[in-house]
């Protein structure tokens, strides 16, 4: 699918080549006409955020930071799921060392994306619950394809979204909306998300979503990159510092919570439900 | 009136009994079908928040926290006043010990309501100035009957709403709206309150307002109660801590301000006005 | 122009005299009917904020604080520019002592305007970029004449708006809008500014803008001035304290940044552009 997209873009624009790189679970394509990098999550079937996908995401964000891209567009190789969020298998009956590495990596990937020095946008071409929504709201702009849902639904799963999920949500939504949605674990349809401001635009296809994200990034064309980057950092500094200064505490709090028997039981029931659902299909 | 409401509900729903408890100045009814508690302020004629009503409110909030209710709906037994706010008689020519107990109780009642672990909503069935607005905005949702007014009108009375009133207001309104309204001591009509987001819905009667509050609380039906409660605490922690850490200072500031001759004079003039108004009626 | 306005107002209102005072670069007129002071910036051609205009602004704000005015309306003597912002000549190849005095004065003028104890409003009768927008958003209300633009466009010039510019912007706009606009250095048309909430009303002329500002200030007529002023201070205390506690750091950061060769080069190119533009006209 990526290959055909590459070919179609090349066919359309003539000189518009794409340089494609990436890791095992992500792809990075830099459009050499616009200079914008598209970072595609590619861990079928649902882009579940496990340790390896989070590592690959971090590597790809670092690569884009380093290759002088004009911007970063985050999207998915799936046609129905942007990202299903944290991989439950990382949290259910976890290995002691791996779960520490997993959460530490989640922190690092968020710090890199939320604090990225390049303009960022999400082309949300599928459902985007929990950690998927965290990734999308960590970007500066969001374009979403209709008939999908987005939200931080942690409370529906018996989990508490940590403070920095909350801060990310509050960078996009007013406090009244953010608190209520997080308490409810509310999933917004594309239309509802647009109305409340959780996304900025809708698009009828992934391709159109990427074009609209590119247009947003294009608004920075005449802006001094250093001044822009320092201004963004200044806006996000308090949120970033809150996690940076409390990473150990945040990790211990997560480990304590996830190891509660009630939470483990809830995750087990949830996984059983997923298995049954999978068998039916 | 409460009795007739109880009877009408019982008549309507058959098995839908209400268990009614409460204190001298408040009533708590738990709908055994929905599991939601309605907390009714009942200090005629205007639910003026004196020491005893604030104590009874705190006791009833604690009772609801303890009885595993699915939610708390705050309302009034009056058909025209939700609550007229702090009882001026507590502040005019005050007894030294009683005014300390009064303000300390106001702090405690707010800490209990704003930080309540159960979902909270206000069925605003009458005017709701000053302290009445504080109670309503301390809840997570507001449904209001038309032709009434709501707002923090302290500056109109020559009083300064303390920092935690301001924080409560800011949890509902954008900063630009909150600052302006507080500076002006603005009272919003039901329609204006809806437009600006100070309330969430309107209802044509108290009964309908309670139904809509119940529907809001119902949105938490499939949500894990512990995760929901911890998420809410996380959102409100900074506001709660600000008062908890500064209760003594807040008390002394209030005492200093309320004992200013100019403030006492203003309260005296206000009370005279109320007496004349009462005589005319 | 001011004189003719004075005469026309006197002619219109009969007893409505204006007492006019001021400094070299500003004029203060107190309408003796409304008790509201109009503070007019008068440094042709563009009200560039140099050391002297900032000093005069501060003096005039202090004068209005001291003369028991009912409010302050900030406007411009130009018919096309409210204020073009910081005077680039203060920052390009600067004198070491003067640039320190300049930035220190900018801090003081902002502290005086943002923290003013009287109600403040801006009658924006021309373009209002960068520092012009800072002055306008430091007021409590904004009325703008159509076909002009307003915004913090610092990143377009390669400059980073300091933290207190950001805080001032955030007192008016939601975080999502504020961050994006500041990153983009976006200039809003009058219509766009109204839609997003950056201004509160539009007016077809400077005179109408001043009338609407007066009407806003009139909403405080029945409000206790001390309670109002203390309430405003409470809302703005954190922003004011952030600069007050960090004035030296803020100055050094500005000096470091402005003296970067790249920034100096950018300012030089910008000044060349202005000169060429001026010659063409």
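Labels for the chains are A, B and C, by order of writing; each one numbers its residues from 1.
By definition in this document, a contact is a pair of C-beta atoms (placed from the backbone, for glycine too) under 8 Å apart; a residue touches a chain by one contact, two chains touch by 3 or more.
Only a predicted model underlies this, so the values are computations on that prediction, with no experimental measurement involved.
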Check: Between subunit B and subunit A, is it the same set of residue numbers doing the touching on each side, over half shared, or a different set?
Finding: different
Note to self: With a Cα-based fit, what is the angle in degrees between subunit B and its identical partner subunit C, given to the nearest 5?
What the structure shows: 120
Checklist line | subunit A and subunit B, separation of their C-alpha mean positions in angstrom | finding: 39
Next item on the list: Could you tell me which residues belong to subunit A and also touch two or more other chains?
Entry: 174
Next item on the list: Would you pull the subunit A residues touching subunit C in the complex into a rising list?
Entry: 119, 140-141, 170-174, 197, 219-220, 222-224, 226-228, 230-232, 234-236
Check: subunit A touches which residues of subunit C in the complex?
Finding: 154-161, 163, 166, 174-176, 178-180, 182-186, 262, 266
